[in-house]
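Can you read through this structure? Questions will come right after.
In this document, chain identifiers A, B and C correspond to the written order of the chains, with residue numbering beginning at 1 in each.
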Amino acid sequence: MSEHLSALIVVLPLLAAPVCLLLRQTRMVRAWTSIVAWACLCMALTLLERVHTGGVITYAMGGWDPPLGIEYRLDALNAYLLVIVTAIASVVFPSGVILTDTSLPEGKAHLYFAALLLCLAGLLGITSTGDLFNVFVFVEITSLSSYTLISLGKNRQALTAAFSYLVMGTIGGTFLLVGIGFLYQVTGTLNMNDLALRLPELLGSRTILAGFAFLMVGGSIKLAVFPLHQWLPNAYTHAPAAVSAFIAATATKVSYYLLARIIFTVFGAAFVFDALHLHWLLMPLAIAAMFAGSLAAVFQTDLKRLLAYSSIAQIGYMTLGLCMASETGLTGGIVHLFNHALMKGGLFLAVACVVMRTGSSSVNAISGLGRKMPLTMAAIVVGGLSLIGVPGTAGFISKWYLVVGALERGWYAVSVLILLSSLIAVVYVWRLVETAFFGVPEHEVCEVPWTSWLPTWILIGATLVFGIWTDVTVGGASAAARALLGVTP
Amino acid sequence: MSIKPPMRMREKVLLRVASKAFIPLILLFALYVQFHGDFGPGGGFQAGVIFAAGFVLFGLIFGLEALQQVVPWSIVERAVALGLLVYGGVGVSCILRGGRFLDYGVLDHHSPMHGQHLGILIIELGVGLTVAATMLAIFYAMAGRGRA
Amino acid sequence: MEALGIWNYWGVVLLMMIGLYTVIARDHLVKKLIGLGIFQVAVILFYVSMGKVTGGTAPIIPEGADGSEVYSNPLPHVLMLTAIVVGVATLAVGLALVIRIREAYGTVEEDELQRQNRAGS
C-alpha cells in the first residue's frame, strides 16, 4: 500500500466528500471529516519523511507512464506543502468553531463538510500532481468549493463577495488554461518535467512567452498578488470564520507553490529572471503589497477584514522571496508560507471564537475582553506579535531569512523596506491589544469551550515553538528551495 | 371580468401525449449512449445528461411535485454520492489487486484487455449516475427555489 | 498577410474580448455570467482548433490501416470535455448565487447591490 500514498492522499478526501452525503447526521459527518483530515496529515508526514530520505517520489496514475499518463511527483517542496495544508485542515476541521457564523439551513450541514473536504482534495491535488492540465482541474475543484463555502457566511454580503470571487477566480482559472494551451501547442506535452526538458530550446518563441504571461497572470489572480487582490478582503471578511481560517492559511499558499513551480521547474530561473527580468515587475508589486496591505489593515474596523489586508501584505513578503531567486530568499519565502499559515490560521480561529461569543467580528467587539476571554485574547496577541516578526515567534524567522536574502543580493533598500513595513504591523496589532486589554467590556461573555480554544492554541503555540526550534521548518524549506533551484544537496 | 389563469402545461393534450411518448425514448437513447460509449462516441457524461433531460422534461410538463414523487431529493443526493464512490471504488480496488490507482488492467488477471473493458464500463456507469443525479439536483435547486 | 491566415485564432481572440468586455461592462449579474461563458467557450474553441491536423480524420484506426493515415489530435478534445464540465459547474454555482442574491437584496444589478452594501455597512 505504501507506494500508493502519493495518490491516496488526494483520493481519500475526494472520496470522503460523497460519504458525507450518505452519513448525513451532523455529528457523524463532523467526526468523519476530522478523521479524514488526520489521516491525510499522517500520510503527508510519512511522505515528507520519505522524500527527505529517499528523494523524489513519482506515481503513474492508472499505470500509464509519464509523459503520456498523468504523473504525481513529490519532491521536497510538494511534500512540505502537503504537510502545511493537511496540518491546517486537521486543526481547523475538528475545531468547535467550524459551524460558527454560517447561514446553513437546517439539516444541510453535511453538504458544508463535503465542500470542505472537496476543497482539501483540490488543494492536495494541485500540490501533488506533475501534470499541468491536472493542475487546472484541481484549481477549479478548489475554487468551486471555496465559492460555495464563502457564500455560506452569515451576512448577505457573503453572497456578493462569493460572486465577485467567482468572476475573478474563473477569469484566473481560464487564463491558466490558455497558458497551458499555448505551452501544449508548442511542446506537445503537459507533464511539467517533460516541459522543463523541452522548453529550453524553444524559449525564444513568442507563443511560449504569451503562454508564460497567461500562466503568471492567472496564478497571480489566484494568489492575490497586489493589484490583483481585490477579491480577497471581501471574501475573507464575509466567509464563515472557520472557512476564512482554512482558506487564508492554505489556498494562497498553494497558489504560491503553483507560481514557484511554473517559474522555477517549468521555465527555469535563468529564463524568468535573467532573460525576462520578471523580478523588476514582481518586486515593486510585492513591496507595494507590503505597504498597501499593512496600511489598509491599520484603518479597518472589522477584525476579519484587518486580517485579510494583513494577508495581502504577507503575500507581498512571500512574493519578495520568490523574486530573490536565491537559496536564502526562497527559503525565507517558503518558510514564511508555513509560518504565515500557522499564524493566520490561528488568528482567524481566535476571531471565530470571538464571533462565537459576541456574535460580531468588529474590532469593538473585543473591547475589554482581555479579562473575560483571556485565552482567546492571548492567542490574538501572540499571533499579532508573530505577524510583526518579534524575535521568539515564527514570524521573526521568516523575516530574518528574507532580510538576509535581500542583503545577499545587494538589495539594501529592500531589506530596509521589509523592516519599515513590519513597523506598520505594530500599529494595527497594538490597536487590537489596546482594545482588548484597556477597553471597557461591552459584552458579558465567558471563555469559549476547550474544543474552540485548543485548536487556536495549537496553531498559535506552534508559532512559538517554531520561532525557537527551527530545524524542521527551515530545514524543510531550504530543502524545498534547493529542489526548486535544481541544486543537488 | 375575470382573467382566466394561463393553462398549465399538463392540461395541454398535445404536450402530455407527446412527452409520454418521448420520455421512454429519451431514456432508452441515454442507455444506448451509455453502453455504446465503448465502441463509438458517447459515455457517462453525455448519457447522464440525456437521462436527466428525460426527467426534466417530465418535470416541466407534469410539475415539480410530480417529479419529486418519482425521484425524491434524498435519492438524488445519495445517487450523486454513490456514482462518485463507484468511480473511486474501482480505482481503489485496482490498488487492492496490486495495480496502480485506476489501472483497470489488473481487474481481470487472465486478460488485461478484458480488465480494461470491465473497468471503463463500471467507471462510466458511476460517471453516468453522478452526472444524471447532479443535473437533477441543479434542476431541483433552481426550479424549487421560492416555492416553499 | 500571414497573420490573417490564422483566422481561427482571430475568432478566438474576438470571442474572448467580447466575453471579457461583457464581464467588465455589464451590471446585470446574469449577463456577467453569460460573458464568462463566452470567455470560456473561446478557450474551448482555441483548444479544439489546435487539435486539427490538416487532412486528418477522426482518430479511430480503421480495419486494414497501413499506417499512412493522418489523424487529428484527440487529446485537446478530451481535455475540453473536462473544461466544459468545469464551465457548467461554474455556471451552476454562479446562477445559484444569483438566485440567493436576488432573494437577499431584491435586485441583481451590480450598482444597486454596491449601494445597498455600502448603506448596510
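We adopt the following convention: contacts are C-beta pairs under 8 Å (C-beta built on N, C-alpha and C of every residue); 3 or more make two chains touch, one makes a residue touch a chain.
It should be emphasised that the depicted structure is a prediction, and the values quoted were computed from it without experimental measurement.
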Legend entry - Of all other chains, the one whose Cα centre sits farthest from chain A: B
Legend entry - Selected interface, A-B versus B-C, where C-beta contact pairs are more numerous: A-B
Legend entry - Inter-chain centre distance, chain A versus chain C - centres from mean C-alpha coordinates, in Å: 28
Inset, instruction - Starting from the mean Cα coordinates of chain B and chain C, work out the distance between those two points in Å. - result: 24
Legend entry - Separation of mean Cα positions, chain B and chain A [Å, integer]: 36
Legend entry - Residues on chain C engaged by chain B in the complex (per definition of touch): 81, 85, 92, 95-96, 99, 103
Legend entry - Residues of chain B that touch chain A when the two form their complex: 77-78, 80-82, 84-85, 88, 91-92, 95, 99-105
Legend entry - chain A to chain C touching residues, read off their complex: 133, 136-137, 140, 144, 147-148, 151, 156-157, 159-160, 162-163, 166-167, 170-171, 173-174, 177-178, 181, 184-185
Inset, instruction - Using the touch definition up top, name the residues of chain B that touch chain C in the complex. - result: 45, 138, 141-142, 145-146
Legend entry - Sites on chain C touched by chain A in the complex: 20, 23, 29, 32, 36, 39-40, 43, 46-47, 50, 76, 79, 82-83, 86, 89-90, 93-94, 97-98, 100-101, 104-105, 113, 117, 120-121
